[in-house]
Every structure is written in structure tokens, then in C-alpha cells.
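Heads up: the structure comes next, in C-alpha cells.
Order of writing sets the labels: A, B, C, D, E and F. Residues in every chain begin at 1.
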Amino acid sequence: MYHLSVRDHVMIAHSFNSPTFGPARALHGATYVVDVTFYREALDDDDLVVDIGAAAAALGDVLAEFNLSNLDDHEALAGHNTTTEFMAGVIFTRMRRAIADGRLGAGAAGLCRMGVRLSESHIAWAGYEADL
Amino acid sequence: MYHLSVRDHVMIAHSFNSPTFGPARALHGATYVVDVTFYREALDDDDLVVDIGAAAAALGDVLAEFNLSNLDDHEALAGHNTTTEFMAGVIFTRMRRAIADGRLGAGAAGLCRMGVRLSESHIAWAGYEADL
Amino acid sequence: MYHLSVRDHVMIAHSFNSPTFGPARALHGATYVVDVTFYREALDDDDLVVDIGAAAAALGDVLAEFNLSNLDDHEALAGHNTTTEFMAGVIFTRMRRAIADGRLGAGAAGLCRMGVRLSESHIAWAGYEADL
Amino acid sequence: MYHLSVRDHVMIAHSFNSPTFGPARALHGATYVVDVTFYREALDDDDLVVDIGAAAAALGDVLAEFNLSNLDDHEALAGHNTTTEFMAGVIFTRMRRAIADGRLGAGAAGLCRMGVRLSESHIAWAGYEADL
Amino acid sequence: MYHLSVRDHVMIAHSFNSPTFGPARALHGATYVVDVTFYREALDDDDLVVDIGAAAAALGDVLAEFNLSNLDDHEALAGHNTTTEFMAGVIFTRMRRAIADGRLGAGAAGLCRMGVRLSESHIAWAGYEADL
Amino acid sequence: MYHLSVRDHVMIAHSFNSPTFGPARALHGATYVVDVTFYREALDDDDLVVDIGAAAAALGDVLAEFNLSNLDDHEALAGHNTTTEFMAGVIFTRMRRAIADGRLGAGAAGLCRMGVRLSESHIAWAGYEADL
């Protein structure tokens, strides 16, 4: 299996709604360094997993929805705790849609799996990975 | 599959007992930067893989058994070379027990897989990963 | 010149008040990975720059004032944009006070300089450094 | 599953031959930081995944074929775009041959899987992973 | 002294012209991860060292001259070995000119010092730093 | 001022002899990732700070004295706590001697300053820096 990864980041505010979170229930924030990994069984005719420029641009577009905002204000996220792992799932869904919409190029149809990892600090990170 | 990781470290002395190890048979030491990754098919009701505070605390407790010690003196490790990969397996077993004992919270019963990775330098690391 | 550094982090929300900041005027947040470096001309009688345990504890105490909060709500920061560089200066001042108060041990009186660096992402960081 | 990884690097020039690559069609270059991960179901009698010294030496030998060269001049790579992911596959093949030739020691016959990852910058990396 | 840093990268080919370089005289290449640090005695009225967006844009413009090219073909570099340290000096000069030309904003006139660091691998980096 | 850095590492055991160290008085160990930085006012005729190959080889030789050993057994270190900062000073002294002995090449006579940094974990590092 071949794979290729690109990195970007977002800076967000949010709060949590359950006693489980203790002091993190208060409004605070995070930088998420976001890594997206694309998997493909065999390389395409250009010896690529995916067009890295298109992949990075699509990731930037997906992250723009959340960057420099308060996640508590996003209707699409309402009713959820916007934990690092939850946001990884959200970004996965939007990147999968970007692939389906052709925004990573026609070759991206050959991708078979994708992973999203968000690092919230030097000691914690989380992610979501699934077949496409 | 969702996943969440926490990082901690230990500083240990040890020696090896087989000609395979060459000069590393002499008493020396290592810092192991320890990453533990928890896997879960779906997030819990709080949108979590696991309570990160409980996970970090349990890891700290597990590592305290070895931190600032000479691994050659641990009866539980006798008869083994305490290689990086072997110690990853040992820490995996103790973390699995911590989960079974409820020390990562009731929600940790939903975890399906765990990985332990020990980085011994900027050019070498090893680990153990298995279903729970 | 000898030096020793410790690392910790905070997760905060904030907003900015000047047109210079463009979209960052909106409420958002950041993880700051905080590195504090202590300088000393000669080592003390224990061959130390400073007691690393006391230094790490003092840094944790200083960061607790801001961790998991919205910097816009802190009276002590009112009237300022809580930029990464500004917060480095704030943490410097509080760490200097901790040294003066003896919270890093008596030996810390021998420190001659200190630096504080806050990394806000994998592509940007800022800091403040000065003699003590 | 146990695993062990070693890191090395190469510095190469190359160009690409398809419109997909845009400005990267021009002769340029890259540092590839190369991580090779070896997988094994159970540790050997020395509590090892593989002899780390032999693994690092074999990787160095494999990389020497490409280090400080222009990949466009390598007959073995002719007709391909030497993308990061393609080169990961090439290095995988040569490392698999090194294992088969006994250059990682007799114990390496117990390895069941291998992964090769090449990091080309702080924001992009690619790899190839397969059973042995 | 306050400081702020931004990171970007270039991917270049080059060769060296002196026996000192041994096998590196052959055409090869490198990824340079480029960190530029700006120093300022006191923060400006917005609590900034420099407008980070303008700084990052100016760095991108400076690097575009070299990115995805063969340094051997640049007239401006003729007669020199384009070592990592030499290129740090070149980028310093171009960034100083960008500041003088107002491309980092009017506030950048208050900068007193600048450093440029190029990391060529996980085990080597070089730079140039001087007053402005 | 130009500068160039190389990285290597050592894995050592040691213990401490003063109540200041608490549980670290027991025999334990560390991996020190060692960075040495060389400073020079102007580049030499080859556009170099120092011959990077000779610098890396000299560092390897210096570290070989300590690598895979118990620092408590070294006569040259007797009477000292082999803290991270103390060992940085020791390595500085040996590297300065290597420069004086011509082991970094004749050009190394033009170096004006050197820094040694030892990282003991992902959250702590120390060093020594001085003019040559």
C-alpha cells in the first residue's frame, strides 16, 4: 500500500458540555496541526498517490471553514463536544466529499483509504481513519 | 477507526546479555519517549475515544514502576533483554491491565485496540500494537 | 554560559482588537507549547543550572493562570492584544517573580538570564529573552 | 505485532516529466528523511524485532545507491517519475532484497511486514508498506 | 528582546566545485526548511514584533526565486558554493531588502536584528544572523 | 554571524550524589541527543563554516568516550554530578580540543564560538556555549 501525507493547521476556540471535561468545560482554544494521509494500492500513471498540490489546496479549503473561529458557533457541529478526535472525523468527512467532488483531481478516484490526525500539543494527538 | 495518543517518558539504565548486542552489553541507559495510542470504532457519548486525563494518569502510574531505575534489577523483567521493543510489550501489558481495572474510566471498556511506541533517540524507535 | 530548558503548554482562547489582525480579530484560540530557558555563568555545587523539578513546577503554576481560559477575560491583560510574543513577555515576568519569590530554590539566585518561547504551530513561534 | 524503526536520509536531484507536476518539472532536489519500520509477530530469542545495527547498515547501503546523485541519471529508475512515494517503493524493494540476502542477519527471516516512509519537508511525506 | 519566527521551505538542486566536498561535488539536491526570526526591543502598538502574515508572504516571495530550481543556474550565485550556510546569508540579504522596501509593513522599521536558519536534514542545519 | 550544527546521540547510565536530586539519585540512564553549533564571522573560501563531515566525525569520536557506558565509572568525571548541563560542558571542552588538534580541518581555526546542547527528553534540554 502506498500513502502520501500533507500537513496544515487551524487555530480554534471551543468549550465542552459534560462534567467529564472538568476545567476544559470553560471556553479555551487549541492549535490543531492537521495531517491527512491518502492511501492507494498502486501508483497512477504519473507515479503518484494523489496530486499533492490539489490535496493541500483541498485541505486548506476544508480547514478554512473552522480556522480562526469559535467551534461553539458552528451549527454543523451543534450537539457535539468538538474534541480533537471528533474534529478529526469531521475533517475526514469533508475531505471525502472533496474527493467525491473531484477537487483532488480525477486520479483521486483511485484512493482506497484516508486518515486524518490532529495534534493538539507536543503530548497529545488524535485521529480518524477509514476506507473510502 | 478513531484513535487518541498521549506521550510521557522514562529514563532507565540497563545492560544486555547476548553477543548480538556487542558494546551495548555494558551497563548504559536510555530515555524512552513513550506514546500510547488508543483505538475505538465509534466515539462515546461525550465524543471521546477515552478520557485523556485518566489515560495520561494511568500511563504515568505504569511508567513509575520503571522510571529512574535500572531495569536489570526488576524481577518482573528477569531473563529478558530489556530492548526497546520488549519494553513496549511490557508497557502494553500493564496498560491493558489498567484498562481492565477501570483506571481509564468505565468508557475505556469500548476500546478495541492499543499501540505503545518507545522512541529511544532521533533515529530509532520501536513498539507493540494489538487488539484489546 | 550554561543553560537549561523545560517545556510545558497551555490551551487558550482569545481575539484581537486592531485591523492589523484581519480575520484573527474573531474569537479563536491556540495551543502554546511553552519553552523556558534559564542561563547561568557557572554551575552550582550540584552541577546544576537550576533544580529542574522546581523549574517545571513553577512553570506549571505560572501557566495555570491562563490554561483552559479565554485571555480576553483576564484583567491583567486588558488593553493588550494577547499575541504570542506579548504572552511570552507576560510569562517571562511571572517566571521572574517566581524566581525572586524563591519558588525555583535558593540556587536560582545565580541565574543571569531567561528566555521564554511560545510555539503556536509547526510554522510559527515567538518569544522574549532578557537578563535577570 | 512488534515493530522497530530506523532513520537515515538522502539528498538527491531530480525532475519530472508530466504536465501534472507544473513547476516541479524543472530540475530541482530534495532531502528525503527515510524511516524504515520492520514488523514481527513475536520477538526473537534475544527479545529483538531485528538487529538494529544490521538494519541501519543495510539501509545505509541501500541509500548509498541514490545519495548525492541526480535520480534522472539512474537507469534503474528510467521511465518513471521519481516521486517521494515511488522512491519509497524502490527503497522497499531493495530493503526486501537485503533481507532475503541475509544482510540483516538470520533472524530477519522472521519479519512479516515492512514499511518505508520518506519525509520531503515539514509538511509532506509519503511511503510504501507491505507484507514480506 | 522580543522575537518572532516563521517557517517555509524550498526544494533545490545544486553541485559543489571544490575537492573539500568529496562526493557532494556531483549534482544532487536538498530540501531546506527555512526559519526566519525577527528581533525587536519592544513590541509595537498592536503588541507585535512584526505582521506575521506580511512576514510569511515576504519569505515566500524571497524563496520563490530559488524554489524548484537548480542553484547552479542562478547568475546571482555564480562563483560560490551554494552551501546551506551560504544560502542562509543570501536569504538574509533578500529579506533585509524586503524589509527596507516596506514589504513587511511600516512597523518592520522597528526590527533590530534578524536570523535565518536552513535545516537540510534531521541531523544538520546552518544559518546567518545579524543586526539590521 | 554564520553558524552550522550537527546532531548525534549517546546512551548512558548514571546516578547522582546529592539530596537535591531526590529519586534521580538511584542508578538510571538517559539518551542525550547532542547538537553542536559552530559559529564563524565570515565563510571560508569554500563558502563553509566548517567541513561538516569532519565536524560530524569529530563529534562521533568525542561521544564514543561516553556512549554505551555508565558515567559513574569515568575517572575524568569523578566528583561531579553528570547532569545534562555538566555533560554539555564536558563535550564542549573535548570538541574545543579536537578543533585545536586540527581534527576539524585547518579551516576550523576560523571558528569564533561553539555551543553544545543535549536534549534528554521531549520536555527538557540543556547546554553550554562560549567563545573559542
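Following the convention adopted for this analysis, contacts are C-beta pairs under 8 Å (C-beta built on N, C-alpha and C of every residue); 3 or more make two chains touch, one makes a residue touch a chain.
All values reported here derive from a predicted model rather than from experimental measurement.
Centroid distances from chain F, each centroid being the mean of CA atoms, peak for A.
Using CA-based centroids throughout, the chain positioned farthest away from chain C is D.
Equivalent interface to C-E within the set A-C, B-F or E-F: E-F (over half of contact pairs identical by residue number).
Interface chain E/chain F: under half of the residue numbers present appear on both copies, so the contact uses mostly different residues. Inter-chain spacing, taken between the CA centroids of chain B and chain C, is 31 Å.
Chain C and chain F have centres, each the mean of its CA atoms, that are 27 Å apart. Residue positions 7, 122-123 of chain F are each in touch with at least two other chains.
By the touch rule above, chain A contacts chain B in their complex via residues 16, 18, 20-22, 80-86, 88-89, 122-130. Those residues of chain E that touch chain D in the complex are listed here as 7, 9, 11-14, 23-24, 26-31, 33, 67-70, 120-123.
Within the complex, the chain B residues that touch chain A are 1-8, 43, 46-49, 51-53, 56.
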